[in-house]
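Presented sequentially are two complexes of chain A, the first with chain B as partner and the second with chain C.
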Partner chain A sequence: MKHYLNQLVASQYFSFVVTVLLFVILYAAGIMTYKGFMRPQVFLNLFIDNAALIIVTVGITFTLLIGGIDLSVGAVLALCCMVLAYLLEFTTVPVGLAILIILLMGIGFGALQGYIITKFDLQPFIITLAGMFFCRGLTAVISRDTISITNPFYVELASTRIQLGVGFISVGAVIALLTLLIAAIVLGYTKFGRTVFAIGGNESSASLMGLPVFRTKVMVYTISGFCSALAGVAYSLIMLTGYNLHGLGMEMDAIASSVIGGTLLTGGVGFIPGTLFGVLIQGVILTFITFQGTLSAWWTKIVVGALLCVFIVMQAFITEHKSKLSSKSSMESASK
Partner chain B sequence: MGKLKEFTSSSLFLPVVALAVLLVFNAIFVDGFLTIQMTEDGRLYGRLIDILTRSSSLVILALGMTFVIATSGIDISVGAVVAISAAVVCNLIGGRGDGVAETPMALAMLAAVGVGILCGVWNGFLVSKLKIQAVVATLILMTAGRGIAQLMTEGQIITVYYKPFAYIGGTIPGNILPTNIFIAAAMVLLVVFIMKKTSIGLFVQSVGINPTASRFAGINVTMVIFLVYAFSGFCAGVSGLIESSLIRAADANNAGLNMEMDAILAVALGGTLLSGGKFYVGGSVIGAITIQTLTTTMYALGVSADQLPVVKAIAVVIICLIQSKKAQEMFDKWKAKRAGDQGLEKAVEKA
Partner chain C sequence: MGKVLLEMRQIDKVFPGVRALSKVDFTLREGEIHSLMGENGAGKSTLVKVLTGVYPRDGGTVTMEGKEIFPRTPKEAQECGISTVYQEVNLCANLTVAENIFIGREPRKYGFIDWKTINHRAAELLHTLNVDIDVTKTLDHYSVAIQQMIAIARSIDVSAKILILDEPTSSLDEEETQRLFKIVRKLKDQGMGIIFISHFLEQIYDLCDRITILRNGELVGAYDVATLPKLDLIAKMVGKDVSAVRDMEVAAEKSQPSDEVFLSAEHIGATGQIFDVDLKIHKGEVLGFAGLLGSGRTETAELLFGVHPISQGEIKINGKKLDLKDPMTAMEQKIAFCPEDRKVAGIIGDLSVRENIILAMQAKDGILKHIPYKEQVKIADDCIKLLSIKVSSREQLIKNLSGGNQQKVIIARWLATQPELLILDEPTRGIDVGTKTEIQKMAVALAKKRGMSVIFISSEMDEMVRTCTKLIVMRDRRKVAELENDEISSENVMKAIAGGAA
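Now for the complex of A and B:
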């Protein structure tokens, strides 16, 4: 029995199993306390409301996997919302072109950050922190007031409901699910994905193996920038505005989701389906607070912070346990 | 000539030159920038004094941040801790319209600084004991901290009408300079005194350069890292007092906003490497004053508070590039290549 338990803890899916269990327990608790939780639409709403967070989390997971970090995601999202709103309201740029422009902007900004970090060997957190301040400031430079999007096509896109039999999901949710699927395939089944894991495991080894470390690292930050821009589209589909304070603190939500979903902050270990459940857990907590009605929204931030702490501590213990197990097994095999 | 070279290669060169450039710019373009007048009730008044006053809380934050960065860590929660400390002190004194304090002010101030230390202790525990990366550990408090401050003030801005509370960020009658300048000076002197009289500075530096080697040399690495974060929390707590006193209110959303960036920028500008190791307290202090001068200059040019981070973010990246070893190597290579080319040309000419 103990052997099985040890094996379970040492398995790389342990975090994932804990996360899924936690989600199920939280959801069951919700059903017991509030009748409304039973409706399938409440579950589907988790995807609609958190579409942007899911996309951002996918991007940030890539950077965490190589042992880096991207703190600029929330600010890039806000900048993209603002540029989109500006283009749609004050210029005659068609919707498709406007979306293309902000996606290219995200790619460009991510690539620039990645290039500076990798080329000059600087700490990712300081450059992306600067990136975060840069984008927030730039958003304020474009407009200090809220710009509402009234473009008829975009508004219709935002209110489109895709029927699923028991309920509906939005366009943003579809984009989010597609992003998840593509990211899972890229990380699991391509050369690039394996290189990302190799760099996270040990960068010098990866470099000595002849893997394209420089290119991959820049690519990873580019992906994160692209995901932030895409999340900006999903976010503006919900809010239909561009505003300086959009996505404030989203970087922490995304890092928390990724970590809760089983990504190691030291890099090299991560699991895309896990990140989905990380986001869903946060969504359930938010739904709880909405159903409860009297708690302030600030509780979400505090609860998410506490959850992040618990999971990081759990990771630390698991890593320690694993190294103990491996040293034990190597001693056993040596004595045989 | 030797003296000049010594100065240009010293760590103080960059912040002092930056400050001088800013001051000269201001002196030329801003009317009455250098004049300092005496008001009727015997206070000194002028733009320079204003900059010193405004920079005092940043100087204090930069002191704490210097040690954290010296251990190759980072503390991005300082801004949120400032908000928490401000919320505590204003909550305890209370916003009673008749100007009576609900709790004695000294007690409220102690409590606010105590809460600041508590936040620092929490960060220190996460980083030193649980070995969580400093960015992520302090990121938790950076976002959750403002939530905590909001809960304390119940989403309101608490305005304090108790008169003596304004003395922390203003002038006590009879003094010629605002109190917060004295607080900042006292903190700097305290740190300098500790550096001179104890070997803590050496320990911090050693931990920043190589924690493993320091442990083998008998330094309690966990304790040093823990203390450094606790001190940073203490500094943020003190700065929260000043920030709230300046506006006589606790604003959980805006108190200490973007200050973590300013503090990091001040430390980096002061010559301390962001990768840890050798640190310069004097550099950080001048760096902080320079940043505040930059902020004031930008305001004078009509840049708004929420647009200002663009300038500062660019400054951070430039300083990082100047500090980066790789960039230096590339520059050296380029210089060597150019010198080589010139040498070749000369040789060709001679031939």
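Now for the complex of A and C:
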């Protein structure tokens, strides 16, 4: 039994198992407390409401996996919403082209950040912090005020309900789920994905093993930029506005979700389904508070803060436990 | 004899101000285990780095199987068939064993990585090396020894013709080493050319067929192991003729140790680092630890300073048995330790000379106890005078001093704590001859005048012979001899290192 437990703790999915378990417990508690929690639509709403956060978290997870970080995601999202709203309201650019333009913006901006970080070997924290201020500022330059999106096609798109039998989800949620799926496949089953993990594990080893470190790092920040822009689309589908303060602090929510989902900030360890549950846990807590009715939404932050703390300590514990196990196994192999 | 696999001719490599390699030749044949020998700084690793594309060569030719090659990166060298396994394993601890072997060359199915094939082939490959482990576990589940075998497996799978093993055994124990050797011999039988670098003479004689010796970036020669006695090998490495080794200035002004024992260590050892060392150090004695680099000199000193806990034996100070669990405990017993690499472990460049001198005292007294500025000034000035440190003022930043003067400041730092045992690990490395002599004299003077015990560790034999009243000779992490008085001579030290082979 103890051996089995040891194996579980040492397994790379331990964090994931704990996160899923936590989600299930929270949800069960919700069902027991409030009748409304039983409705399948409550569960589906988690995806609808958090579509943008899920997409951003996927992007930021890539950067965390290589031991980097991207603080610009929330600001890029805001900028993309703003540009989209501007294009749809004040120009005759069709919806498809407008979306294409902001996606390319995200890609270009991410690639630029990645290139600067990698080429000059700079701290991603500082470069993406600069990127965050830049984008946030640029958003305000385009418009200080809220620009509402009234484009009929876009409004139609925003209110589209995709029926699943027991309930419905939004277009944004579908985009989020597709993003998750693609990210999981890329990270698990492509050379690029595995190189991301290798860089996070040990960058100098990765380059000595002949892996394309430079290219991969730039790609990772490009992906993060792309995801931020895509999240911008999902976000605007909910808000139907462009506004300077959209997605404020979202980068932190995304980092928190990723870490709760089992990503190590030191890089090299992370699991895409885990990040999903990281986001869902935050969503469930918020739902709880909505059902309760009198509590402030800020309680979500308090609970998430506490959870984050617990998870970080747990990760430290796992790492320590693992090193103990490996020294034990080396002794065993020596005594053979 | 196998056919020539690799030929390096007239290799030159110049770094700013240093000629690291000058017209070095090196030949490796198929099915040969070839050792590169030389003291530190002799150019072994530079030669390897030139071969593996880490440094470009400045002159000479490298031909492999008759064709000239110009590897510019480790990857290009790998493509030529040259793989290296370093002492610190260059793999990713967070990936699985199988992935570490195949990453970058993963077999794919429909464009996606074929994990089944990877795991299967990895297990097979490791099986041929007699390593049967779960390849789906992450690398950090396994010991360094196993990780090294995994690194070798990766190299083999890249279809390497030449395998370079750089200090592969330094963190392995006896049994793990034998296991590694078995694999290396197996690869040799398959016709691979292997370059083996190690500080352990025994292992070289156990495993290798040929030895190429370098000294100061120049080729001394290439020899068959069978025809080269160990003593000759050491003489060639240090550049002395065995018969001509005479000691010029013996014991002219050495200190006279008293009969009082300050510290005695009985059968101390630490797992994987030191096996069995016995020593007694008297008051007023200058005790030397001699031996080649990697023989365990520094590690023994570290045990006495409590850097690592001892796993066997006991240490007595002034006749009382003590548990030196950390350096602080050792400092309380008035032991001071000047580490080997002053850049890393010693000086704090942005602090002044005075602040650097006060540091150890402050650490000993605890950070809450303030040492009055006046007292600091007095201590600093005393030290500067005593050791004749050349500074413009006591407030000069230490990073602006020469290496020799930095070393003196570090010694001063420890003298300020008024130790009874001062451990100097390579205090004269990389400093000019004049300052070297001064430091040697200072060590003797401290023992003579203050009755301090000094442990002196150095790679330069002349220096040891001149300074020490007793020498502990170490080899392969064991004490192999103790030389006193008239026995102290370079020749005897070499004999002891060679294991009485002469």
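Structure notes:
In the analysis below, the second predicted complex is superposed on the first by the 336 of 336 C-alpha atoms of A that agree within 3 Å, B and C clash if a C-alpha of one lies under 4 Å from a C-alpha of the other, contacts with A are read in each partner's own complex, and residues count from 1 in each chain.
Basically, contacts are C-beta pairs under 8 Å (C-beta built on N, C-alpha and C of every residue); 3 or more make two chains touch, one makes a residue touch a chain.
This structure is a prediction, so every number in the text was calculated from the model and none was measured.
In this superposed model built on chain A, chain B and chain C occupy separate space and fit side by side. Geometry note, superposition on chain A: angle between chain B and chain C about the Cα centre of chain A is 70 degrees, to the nearest 10. Using the contact criterion defined above for the overlaid structures, shared-chain residue A:N244 touches chain B, although it does not reach chain C. Judged by the touch definition given at the top, the superposed model places A:H321 against neither chain B nor chain C. By the touch criterion defined above, A:G210 lies against chain C but remains apart from chain B after alignment on the C-alpha atoms of chain A. Set against each other, chain B and chain C differ in how many residues of chain A they touch, and the higher count belongs to B. In the superposed model, A:G200 makes contact with chain C only, not with chain B. By the touch criterion defined above, A:K191 lies against chain C but remains apart from chain B after alignment on the C-alpha atoms of chain A.
By the document's definition of touching, of the two partners only chain C reaches A:G268; chain B does not.
Put simply, the nearest alpha carbons of chain B and chain C end up 5 Å apart when the two models share chain A. Across the interface of their complex, chain A is touched by residues 74, 76, 126, 130-133, 135-136, 139-144, 146-148, 150-151, 155, 258, 261, 264, 274-275, 304, 306-314, 316-317, 320-321, 324-327 of chain B.
Interface residues of chain C facing chain A in the complex, by the touch rule stated above, are 74-75, 78, 90-95, 99, 103-104, 106, 108, 111-113, 115, 138, 140-146, 154, 173, 175-176.
Every residue of chain A that touches chain C in the complex is listed here, in rising order: 10, 12, 185, 188-191, 194-195, 197-198, 200-202, 204-206, 208-211, 268-269, 322-323, 325-327, 329-331, 333-334.
Contact residues of chain A toward chain B in the complex are 69, 71, 116, 119-123, 125-127, 129-134, 136-138, 140-141, 144, 244, 249, 251-252, 255, 265-266, 296, 298-302, 304-306, 308-309, 312-313, 316.
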